[in-house]
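Just below sit the structures, each encoded as structure tokens.
Next come two complexes, and both contain chain A; in the first it sits with chain B, in the second with chain C.
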Partner chain A sequence: MQTAQAGTLESMDCIVTVSESEKGRGITVSMEGASVARFGEAIVSSTKDTLKKMGVLDISVSVQDNGAGDLVLRARVEAAATRLLGGDAR
Partner chain B sequence: MKLRRTKLYLPGNNPNMLLRGHLFGPDGVILDLEDAVAMSEKDAARILVRDVLTRGDFGDCEVTVRINAMDTDLWRTDIETVVPCGIDGIRIPKVENPKDVALMGEALSEIESKAGIPVGKTLIFCLLETALGIWRSYEIATASKRVAAICPGGEDLRADLKTTRSENSEELIGPRRIVVLAAHAAGVDALDTVYADITNDAGLRRETEWVKQLGFQGKSVIHPNQIPIIHDVFTPTAKEIEQAKRIVEAAAEAAAKGLGAVQVDGRMVDRPVVKRAEFTLQRAGLKSGGEK
Partner chain C sequence: MTINTAGRNIPDSIPGYGDVKHFEGHDKRIPEGNRYGKKNRASFNNKTDKTLPDIKAAISASGLKSGMTVSFHHHLRNGDFVVNAVMDACAEMGIRDLVLFPTALFGVHKHLTKHIKSGVIRQIQGSVNGPIGQLASEGGMEVPVVLRSHGGRPRAVTSGNIVIDVAFIAAPTSDRYGNLSGAVGKSACGSLGYAHSDAEYAECVVAITDNLAPFPASNIHIPQYFVDYVVTVESIGDPAGIVSGTTRVTRDPMRLLIARNAARLIESSQYFKDGISFQTGAGGISLAVAAYVRDAMRERGIKGSFGLGGITEFFVDMMKEGLFERLMDVQSFDLAAVKSIGENPNHIEISADWYANPWNAGCAVNMLDTVVLGATEVDRNFNANVNTEADGALLHGIGGHQDTAAGAQLTIITTPLLRGRIPCAVDSVYTVTTPGEVVDAVVTEFGVAINPRRQDLIDAAKEAGNIPLVTMDELIEKAEGLTGKMSPVETEERIIGVVEYRDGTVIDVVRQLKKK
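Our next item is the complex of A and B:
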């Protein structure tokens, strides 16, 4: 399975890991980090919104958060997904 | 004239610095896509910088982006990504050829036009990091109307000059003088390179006082702690401010009366002195500026 990753665990950042999903399985998001209890719903919502805008409908996402706000989360999701789509998996 | 006493470098893949850097109060920020970003992270940094430019807040800072050098295949994607965000300018590293600056000007016009940004809005700051770049500094500074400043390099320049860093940077005396002369001849700012020893406040102050005396308008900064020291050096004393106020007031009074010559404290004052006095008040935060 192809996977790709973007981001760091520095303060105000997060690591987003994405992997291919079978067609029709939709976007699944798993999370870990101190902020998940308070901002979990927002993280899922922003992640799905970013991917849908990119036209990505079936993908598995894992977010390790270290205080990334919405702006940074979206940038990392886009970077990880772009790497996956572009074949630049790491 | 815009105040450019300090320009703080912010690593392009570091959200913490990108989002908080302006809070330290520099006159400008430089979002860095070049040396501060590993080759494997250029794509992610570009996306992050684009989003910070679009959705972030930089207060009153002049916002520039240091792109990758024009001898790489990265610079076009860099400008296509950041220029539509409406930045104040780009920093081009390792400029050696005036033709590259002209080419950049054309590329920027095309992007601005497509993005609905006024053509010519995006300024160019040229980093002269080789002996050849320093030697051609006047031609580079005049290669495009967009050029707002030229800046000598530090470590890269030392390496190209086949020398090393000395305590008082004697090896950069010549290059700095050439850059100041070329910048003022071309009507652009001369902005000095960074002071790398971030724990040596006395050394930073000494170097800043020296480059100010040479004719530089400011320095690049790699640590927020350096900002207050540089601002202090470039901020006029109370005595200088008082004298500048008297000169500007006398010039305004003379202009209202239709007189050309002005006398202040028993000395004749001409236009360049009035301009310098205006700049002193601007540096003191008592007068706003609007030019490039």
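Our next item is the complex of A and C:
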């Protein structure tokens, strides 16, 4: 199974790991880390929103959070997904 | 349910705690009753040696039985061996359902988890942190934890609110007749301030030492007439965990900016003059504030009266330099402070009763001009939370937060605006530890918010012209703009922690976390 990653574990960043998912499985998000207790819903909704805007429908996402703000999270999700799809995110 | 003056809706009775006296304002509760006293006892010259062979012998001699209350001090901090050793001995002797009444617990005490699970310990009246805090937060304790400040605890003891059946006092030095010292011995910890009330009020006092000195011991902190038994063990603690090395001033530019803002606020106030008294914590920002204030004192030729609280090398050096006349020390944080309290008569040991108890004829915090504190979060009404983390877990004790905030003329809370994505300025704190009525200013890297009831401080800060003033509303808005809205903490109804204010009223409660 193909996976791709973006981000770091520096404070206020996160590591986003994405992997392929079968057609029709949709977007699944798992997460752990400092702000999950209070920003879990926000993390899931921003992740899905970013992927939908990219036209990605079926993907599995894991967020290892170390206090990333919303913009950082969205950028890491976009970079990881672009890498997975073979795009130029390097 | 009653809504208290800190705006919290608190039940009138809490299972495992009992009837609640509601918080009505920081100086509103009128004391009742008299000071408590332990039973009389007599000793004669037919017994001049109180030593017993081991901890189990002392437990037997003390009359400790299941269901009783045992106390400990935390001067050995994360190096402490005594709490774990005594609880192990109780477990082996089949003693159960104990109320553990420490002045604080540390990471090293995660060992107690098994004694909580097996029922040796039924309740903790004192701070919980790390694994024990997590266990309690998830509902792993049958009876709620009761949190008290460094002044609230001696208030509870001296008023007879809590009766200690047996106090086990770790003593870096003891003689055979029970004169105790914290200043000397291989496990020296300096001040024994938190142990005094326990020694004076516990029905039975057992000293546990790893340095049995010839009678009479030197540098006596707790005298023989309070101590019933003495036990010598191989080691009472690990020196590396008892005292820290030198704590360094932070080099993080953001934290230095916060510290500089706080120092300027102090310098702008009416309190920055000869005779100023001062307390800070030992954390990075606090120490940096002290460093900036010290520089300003040198520059303007100002001499302070006393430094209070947990004493560090930084304060010892300020006294040596003549920037303070005295140090009043309830807890010695590092090696330099331990050495100083043993040598310098101007470095005075004070008990927790003397330090912070609101129910006596005047405690030390009342004479404080300025205190610099931290918090996990503050809110629109300047309420401060130091007990719970963002996820709602009860992970920290109160320390002297409520006491020094209430006592000092100028109470400053320093905090970064964000910790990771978690905002530290919020609409309403998750737990009120210290009410906003005793907090004067919140200092962040985005500006200084002064409590509107302190117009004098606002005027002085404006006149100084070098302090970035903001309102609390602006700080909260700024924080939320950066982080987005937080989801609420999901909890059960069940109360797992009761936060007492220093006068014994309940200021807030902590509820069990919902299983994920």
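Following the convention adopted for this analysis, the second predicted complex is superposed on the first by the 86 of 90 C-alpha atoms of A that agree within 3 Å, B and C clash if a C-alpha of one lies under 4 Å from a C-alpha of the other, contacts with A are read in each partner's own complex, and residues count from 1 in each chain.
Basically, contacts are C-beta pairs under 8 Å (C-beta built on N, C-alpha and C of every residue); 3 or more make two chains touch, one makes a residue touch a chain.
For clarity, every value in this text was computed on a predicted model and none was experimentally measured.
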item	value
Simultaneous placement of chain C and chain B on chain A, clash or fit	fit
Touching partner for A:Glu22 - first (chain B), second (chain C), both, neither	neither
Geometry of the superposed three-chain model: angle at chain A (Cα centres of chain B and chain C, steps of 10 degrees)	80
A:Ala6 touches, of chain B and chain C: first, second, both or neither?	first
Chain B versus chain C, judged by how many residues of chain A each one touches	B
Chain B versus chain C as contact partner of A:Arg83, first or second or both or neither	first
Touching partner for A:Ala75 - first (chain B), second (chain C), both, neither	first
Overlay on shared chain A, then closest C-alpha pair between chain B and chain C (Å)	7
On chain A, positions contacted by chain B and by chain C	11-12, 68-69
Residues on chain B engaged by chain A in the complex (per definition of touch)	13-16, 19, 40, 43-44, 47-48, 50-52, 55-56
Touching residues on chain A, where the partner in the complex is chain B	6-8, 10-13, 68-69, 71-72, 74-76, 78-79, 82-83, 88, 90
Residues of chain C defined as touching chain A within the complex	390-392, 418-422, 482-487, 489
Partner chain C, residues of chain A touching it in the complex	11-12, 34-35, 37-42, 65-70
